[in-house]
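Working notes for the structure below.
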């Protein structure tokens, strides 16, 4: 099969080992990903960001075909038992395509809103191993061990370590695709890194004594800009997109909505339009696979639509506003404002303002802390291989990586109803900030 | 407000006359367009094509701001009463933003499937004029005549003819945006034309005797490639995207589904999950504005999900397949195969094959004829203005436009269940085609 | 070797058969192409168009590596004796890289200005076959027959016809590279066609009876847009770039300069700074290979610089103006103005105006006719291969190609000194044009 | 005038204050920049990098028109005497266009090779102020003070400080253009930053007490990524392009050639083809403006061509190799290898190896140290302006800028003839490097 992808151009799966992609694409569990947006509510901030987990999964599988091709160009550097034969390539491709199977509605949001429920990785593994799923059947048909091997690989475990890292690691196919894809669909160019050069710069490092497969490496200093630009793409995308105030505010609102629903269910209230999975997850932090797979963005939008008319005032208010994109406002704290003392004082002030305006601060005010470390040398599991055979850590050779390794990107914001915005700004702007220029 | 659009880059609405955009964007009727995909089922063929009418509407408004700016650069060529003052600019912007308000679920598909129901243009006008809609209120607040003027403009009527043509004409802001947008999201590069050059090449022609506004013109032969490439972009997008076999097949399937639902309703059957608007439209070819506005892609997807389990076998089968993207296959007719005799014979053969395989041909076989004329000199309402003041028709000056004017792009296909595909190909491939090379 | 090309991205030559590229790149004859611009004087009109024949030659070789890779994917469709073995691939790559070796300064201009001299194709063959050139030595070292085989291939002759067509045909690697390259460096986006899709759509047609290799084919109707967009890219590039008025005017001025130099030499005048090759070419329409290879853009710019001070007034005037980009103006004829009667009358008027202003019309006035046929179905030597094995001519299946096949793009202009421009416009604008709208 | 630029798209100069651009473009001094490549010998490494100072100058003027437009959107924030009136805008445009007038052949290389000669900035000022140049005449015609004011501005001096910074500062129009241009023509995507966003984010800070113009500022944290990506673009371009080994090696070779010529001239040797300016510069470290302006890349290429046959063996060898791109090889030192002890030892070893192979190490071996600081908070002269009126230093708000401020990018290499490459690698690879991983 050949298709056009706006990110990668011509995408094709045609070799023997790639046949499985077409069959997997036709399964119910993968088609379900067409109904789950890649970036949750981000299209409320970036109107182009309506792309789905389905297109991302396809993209990740495509990047894996390119990774496999590159690795095979390096086969002569490997002992035969560590090469990518058809079986290993097939499981790598399947893992790349299927790694996101277990996502719930609105991707990460759903998970974050129900922290006691199984993670999306757990659901992915369940889907792969459950003999009733179509995905399982396709894999099992090819090889009865395949479902388990793909499940392992999705979790980052594989005898060939460089393959495990390509599925789940600092420079994995998942990130390679989503950075480019999110950049293309949001229009935020900063996410574009040089995938061609990155793949072309991949090498294999020096294997350990134990006969284990060698680690991934980067070809000399000439390959460094490829990984530098990858790391920067992550940094920029976190700053511009993933931590955007409108995304964070809508995400926080959804988590409030789901929490309220959970509270109401646990209190024995009856509620219209609640999917069975949600009742289960509220009551016992788990549900059946079938019930879980019946969840997707559309189902949850229909819930929001219905909950606008819920009898519970807090739920109906939050659901109405979110459905209509009447988002809560944010006040961002910078520099020394993020220190606990300043922050907690500010939070308490906003809670008071909300209370005075008739809002229950427990449901209508939030302190939102977003945090990510785009690159950590220690985790990267990648080395730089010099022409003379020497091996060095990326941050030893790159000024940029040395400076950014371990550095955290964070955004701290107070979230509150638009009705009290003027008062919040007025009250917080006058609190002194230690160390500000003016 | 400023935002990032993947198609146009930085988009901003900040001048006095642009303020209205932000207010209109916050209305329920415009937010609803977030739940209607621009290209219906096209993402089944092009996995990136999940963009919405909402982002297109924003894009069209942005193109209009550029059009207005260009026109104002030409103000010295116009008598004062034909210039774009704030009021006219505001109604042009509003019309650009609101021109698609009336679309139903899956955009054009819904309309095509219910041909007796009011058109989306009619619904747009109703929304604009109904004093209960939020859009109406925003417009009315600014100027009580504004709803009516915007409605007129959306229909292509305005005292300043060049403004009417910019909203609805051969080179209108709607097309300018959707060609670029559909190209960006499908990844089909052919849709990209040179918008900068097109806008820069706009001129005003020579006004008639009656004091009417002058027609739009293109600046000398140097502006021609801009409109040539625009016309070609349309041609290519029709061939590659809008008439793609998977789009057409899924569209045909949806129309079968809606027809079946209509038949069942008219026959008095009770059916789960049918939105009130659909019942109304089936029974009396019209519905209330509220009921209509409650329809969107998500509602219809939920219908499809429910109808998979309908007691009517034809409905459940079609809905199941469409929901799961198990699309009907197509056999395309080329050249002399499209002549009625060949075509009808082939259609009849496929109907027989379907019947023999247990499918009711009235519901499971289709003859699909897609047709469009990308450019017609006579309709274009644009002239080419030469440096020496001479005026000529585009097709007089351009080889390409002369050759393409009035030329129709068409695609004729038979549509049928995958189960009979091998037999269809086998049976039709052997029928002689007059004039084929081999 | 790996390098970055702004047009194709990552370009690498690493397989055994590609080794020869690196050796050929290091030869004096290929390095000379760094000193010959791809588009002559076009950078006087498009300030980015300073790219060289060297970068184009590299690009053409790169496209050939991709063509070879595609052909090899189709090897199973070919009898073994018609496949691309290492030897054939190597000569194809060499021919792609070397096809432009024989260009003189300013590429086609030099040739056009000295029509009796050997063509650049003749010089290419001489360079390949002359045992003293470095290029010859590299080829001969690999295989003593290689120089002759590459020379044949450059001329479009090869036992494997599809290979000959890839070097010299309607859709050859030369055009594939230069359209994209000229588009990138001029900034005229219209030249961008979909090379990925074109290569992916290549097929082999049905071989004739005689055991000859099959013709190139395009994969079904789905491949058509790739060749349609290629043909349109040519059409647009001719209209926008190759026939641009400033390019044509400067080219015409150079031809006047070289003609004047030739006349002066033949009249026995002595002239500063004339390279020996130019004297030979003037006197006997040929020169030695060494002398020819000593010519490049820089040498000719130095000539122009020197000739600004020539004692011959006509030469010094033309050289000064061209060196300083004080270009002659043009008046373009459209539609019925290009008919001989109108045209010759206008030409005669401009000659008179020049004469009255003190310019010798034989040297300072020109009638410039540029003409090209972007596509001709009969020459294309490509067929469309349908899934069912049927074969059709491109223009039978494509509306666009049918409409454009054989269609000529032409530009007719009068060229004259800027001093008489106002008078020319005034005099010609009032001559009636049959059939104009106003 | 309107033209197409591959970097900025449509470029036009049409307002009253922009008229001067067209006149300046026609001068001999600006046309000379067509014969000076922007990146010296970089096209030996990146075959697309043949773009000229002329196209860069145009691009810088274009960015200035956009800067002026942005500043005027902020006029309401400025007292009238600090606004950009027509006169100031005109001098800003002229300065942007003319800032590179004084460059010698191969841009910076020429200057670096003759360190005692006047800098290119000095030549720019001389050209502006000399009443015989065409540029001076055009400026003087408009306003007799204009040449002096433009000269001041080019040197970074102007009563309106933000204007001076836009011509010569951390984020000036020169850098804005060359980063994008060099990225486009080399194909190194890392140089692309978001110019639209940068311009849109520009603000004016808070003016000082003295009535001076306010400093440039960036609009809140939302504008930060624009300057972050600009700084990173510089970092990457230095690493990938400006400090590329082939660029540095060829630059070093040219400096050897020019040094040798200078030595020969000072020793009284007579040498073919030496332009008068070079003799002057060798003998007295200065020359006349006329002689200087007669120098360009073409003249120097002709020198190299002639010097291949010089009687001095060192000169002829270096000139031949450089003319033919037979570049000297490099051995790069990383990390602790760059410490003086390791470095000097290695240098001395390479000198010995060269000597043993018959090369004079003083002329054939070099230690090349390239160094640049892409960003320094202290020099940036830009602040971040928060919505609440607070002002902070960029590196206080941006993790990235904080980490990179003052950080130096450096490359240390030994340069030597290819003949001794194997021996150099063999000898240096075995010297222990303190701290390497293996």
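Labels A, B, C and D are assigned to the chains in the order they are written; within every chain, residues are numbered from 1.
Keep this in mind: a residue touches a chain if its C-beta (ideal position, glycine included) is under 8 Å from a C-beta of that chain, and two chains touch if they have at least 3 such contacts.
All figures in this text were calculated on a predicted structure; none of them were measured in a lab.
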Other chains in touch with both chain C and chain D: A, B
Result of counting contacting C-beta pairs for A-C and A-B, higher pair: A-B
Centroid-based (C-alpha) most distant chain relative to chain D: B
Where chain B and chain C are represented by their mean Cα positions, the distance between them in whole Å: 42
Where chain A and chain B are represented by their mean Cα positions, the distance between them in whole Å: 34
Whole-Å gap between the CA centroids of chain A and chain C: 50
Residues within chain D bordering two or more other chains: 9
List of chain B residues in touch with chain D within their complex: 2, 9-10, 12, 196-197, 200
Chain A-facing residues of chain B, complex: 3-7, 9, 26, 28, 31, 34-35, 37, 43, 45-48, 50-52, 54-55, 58, 184-188, 298-299, 301-302, 324-326
Interface residues, chain A side, partner chain D - complex: 189-190, 192, 194, 206, 221, 224-225, 228-229, 232, 235-236, 239-240, 332, 334-335, 383, 386, 388-393, 396-397, 399-400, 403-404, 407-409, 425, 429, 433, 436-438
